[in-house]
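Input: structures, listed below.
Two complexes come next, and they have one chain in common, chain A, joined by chain B in the first and chain C in the second.
So, the complex of A and B:
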């Protein structure tokens, strides 16, 4: 075997070697458990309470599910039960609200960063990333304190005479949405900023050279061209919002719970592993449908790109 | 082309642009006449693009005046100037069809739909792209994009058309075709055009007049013929076309005529209208096509030299000889048309080179 063939083969394997740590990680810690989770969701459940604990052999009265069974009954039960359906509708509603607010907050901020000079740009990007350097729980608990009835915001509003009595801010839809937006927006802003920076700046020059004012150049050129990149930001936002867990759990109330909160509730409180797994898969399914629908919309909206 | 009665469209006066401590454009002035095709050429970094961008309104001058048809433009914002600019990258709007691209300027000026369509159809047929109106820029070739970019600004009937290296992104063959098309189009529309390029060949073939810039200054303004035949500086002589250049010393010959001695290898005698102080340093440039070669010694004692052919460059229609001059370190370039496909000399040949005194360009100093 000549040296060149040997080195060629080595380099071909090299590509695989570079991938292997991540591949290993994904297979053993993501794909594997996911498959197992799906299997669990197809077991018959033991009932709706934790009485099964202790039945180590998994036969009579024991286990977290009935071993050896294959059934879709958990999925059927989910869609038949009004309790679960309401949670699903609220999850989608919350995701929609959070996504709208996040996009409305993020796009102007991203545009401002895009337009800023080099120094201001660095400063603003640090400001955007900074909250992400602290723990998510710290952020959410901080918000809990800030929005409390005797928190700073209420105190300030009362102190300024804008309101007479503290307004209930925490444990409302408002506080859930605010915290969720705070958690997602940095990523959305970064993705939109990157999309804007990818635009050819001479296009704006050309538009203004053809008589467009700054505003019209933005509306007719910069904004439409930034949409494909912004759709990516939108997808990230909506998928993330669908998986909302910490915000509804810590800042919501019993009426403001999401599917993601329901998963550990079913799994650990009701010790119904099969139902918990099924709900986890329904969340995944929702995300999948949303991505699919948006891909169709995006595909037709930017046909000029590949046309 | 420019007679005295011709109207000045663009007037650039003492224009300067400073970036920090550096001046990209240093106090330049020139005029552009109605219907004229003016080229600003120079190497990259000479300030030509900055000049163009200042005229277009994309850059503001540090000092000086820009006037179009007498109106001072310095403080007129970009979108209010009636100047069309074609960018090197064409800057077509990728999310709009060719039709929409061409209508864009008219739409921004509030022209209603029907006349807008009519005008778009008119300019698209002018650039022979009427069948491509519904295509997106991504579906066009480089040359077609170029024509759309032109149509888009011509639709506005601007006072002035600015072209920034419009052919730089095209391959050689297409560039040659577009050169002819662009020139024809410019003549047909009769639009006053300022064209910026570093390609001296484009300038020589298309321009009515050429402005040569170097290091932020204008070195020479003139017709292609003037600039090519009578360069006023070593830089201009070297930048436009091929030339052999030498540095020599002036002296007065025994017959009273001015001569320039180069490296003891040759004596150049310019036309008597030139006059140089003895011992002054003089720059000499001779175009390769003006040099004749022979294997036989020539009768003349000046404006000739001898050397050995160092390299032969075959260019199809003609050949280029690189001759190393005997007794000197100088290199002489000579070209020869070869209608029968056969070069007269080959590498290693000992040749006598000679030329007429009117074909020598001599510049004081250098």
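So, the complex of A and C:
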């Protein structure tokens, strides 16, 4: 056997060996756990209801769910109980508001960055990434103080004569949306900026050379061409918004709670892991449904435009 | 005239957003230097007493220590997975390559609550619950996709003939990798490690689900204080986290051109 054959074998072995850490993580720590999550959601739960302290009688294993059972009762309970249904509707509602606001903020900002000079661009990019890289609890803390009744925002609004006395801003839908957008927008802005940078500049120049105004060139060339990239940003926004957890928990009120908040509540406060898993799985399902619906709408819109 | 008004509005909008993105952090850090125990921004009196309290309270210091252990482990996991995957995708063609590459990036788009709850059910079964490893594993699910992206950029830009030259002169593939490729991509490897560190040190939701009293990370200790009794001690803890993040970020910015990275990450 010659060396070259040996080396080729080694190389083929290497080809799959290099992928093994990724596959290990994806199978055992990502896909596998998601399947197991579904399994746990099918256990019979110990608690008699979704409220109050569940029957945590046994310490090891006994308290979390009933071993060896297969049942859909958690899902039935979820969809029959008005409490859970309300939370689900609010989760979807919040996701749509957050998505709209995020896109309305992100696109102009991305365009602003795209238009900025080299130095300003680097500065803006760093500013935009910063919230994503910092601790979300730090952001929430800052917002709690800024939006308080005696906070800077209220003082500024009163000082400018826009309002007569401080308005309640914190622990409202407003503060929930403001914080959630702040947590998502860094990503969408980056994606849309990248999409704008990926465009062929000569197209716009050609339109302007043919006499189109700047606004017109933007509306007919730049904007339509940047839509595919923006669509990716939109889908990510919806997925993240449906998983909203910290914003409603720390800047919302009891009427503004989401499914994601309900997961640890069921799991840890009610010691009902089966219900917690079921809700986590329902969030996952919602994400799939919403993304699918959007794909259908966008798909038919493209068909309609090109037809 | 009409044009310049449009321009001014545009710049005002930019300024407004920059304020929106930075002010919460600035305020949080400012609070940590104020003497008041209540939610009042400091005006003329400044103090370091909250930082003294932070660094002398065992609970907070334990939290900082736990955070550092978890992020250290996260760096190791993220680099192993990220480097191997980035190398695999630059060197070889796979049948399901495009799909697998997309799949390798999906964890970073999965909301933390989903990852956390699913890993909790598994950690409970495998006895990993209560250890540092499972938290680091969760964090690396968010970190390794970034390492892959950063390294892919740098590996794609690499001159392939360099490694071939090394091979031609008799180096084994492993030798060629460690003496030629690795030193060339080292800045990106470091940036990947720094990103992994930043993600892990700041991550809260997964740590909330997967941590226990013995493995409480800093954000997990901040959370109840934030929810039930707001004190500037939280601000001091935030200040420490911010300082760590900014230092690491500055280091990263020195190592690579961040703007270039953003423009590459198009898809």
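In the analysis below, the second predicted complex is superposed on the first by the 272 of 307 C-alpha atoms of A that agree within 3 Å, B and C clash if a C-alpha of one lies under 4 Å from a C-alpha of the other, contacts with A are read in each partner's own complex, and residues count from 1 in each chain.
Here is the rule we go by: a residue touches a chain if its C-beta (ideal position, glycine included) is under 8 Å from a C-beta of that chain, and two chains touch if they have at least 3 such contacts.
Treat the numbers as computed from the prediction; the structure is a model and nothing was measured.
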item	value
First (chain B), second (chain C), both or neither touched by A:169	neither
Touched partner set for A:110, first chain B, second chain C, both or neither	neither
Partner chain(s) touched by A:183 [first = chain B, second = chain C, both, neither]	neither
First (chain B), second (chain C), both or neither touched by A:212	first
Which of chain B and chain C A:141 touches, first, second, both or neither	second
Residue contacts with chain A in the superposition, chain B compared against chain C	C
Which superposed partner A:233 touches (first chain B, second chain C, both, neither)	neither
Interfacial residue positions of chain A with respect to chain C in the complex	7, 10-11, 14-15, 18-22, 25-26, 29-30, 32-34, 36-37, 39-40, 64, 105, 108-109, 112, 121-122, 124-131, 133-146, 148, 150-152, 182, 185-186, 190-191, 193-195, 197-198, 229, 232, 236, 239-240, 242-243, 245-246, 249-250, 260, 263-264, 267, 273, 276-277, 280, 283-284
In the complex, chain B residues that touch chain A	56-58, 78-80, 83-85, 87, 89, 91, 93-96, 104-105, 108-109, 136-139, 152-153, 156
Chain C to chain A touching residues, read off their complex	10, 13-14, 17-18, 20-28, 31, 39-41, 77, 80-81, 84-85, 87-88, 91-92, 94, 100, 103-104, 106-107, 109-115, 117-122, 124-125, 137-138, 140-141, 144, 173, 198-199, 201-202, 204-205, 208-209, 219, 222-223, 226-227, 230, 234-235, 238, 241-242, 245, 249, 253, 258-259, 262-267
Chain A to chain B touching residues, read off their complex	200, 202-203, 205-213, 216, 220-221, 224-225, 302, 304-307
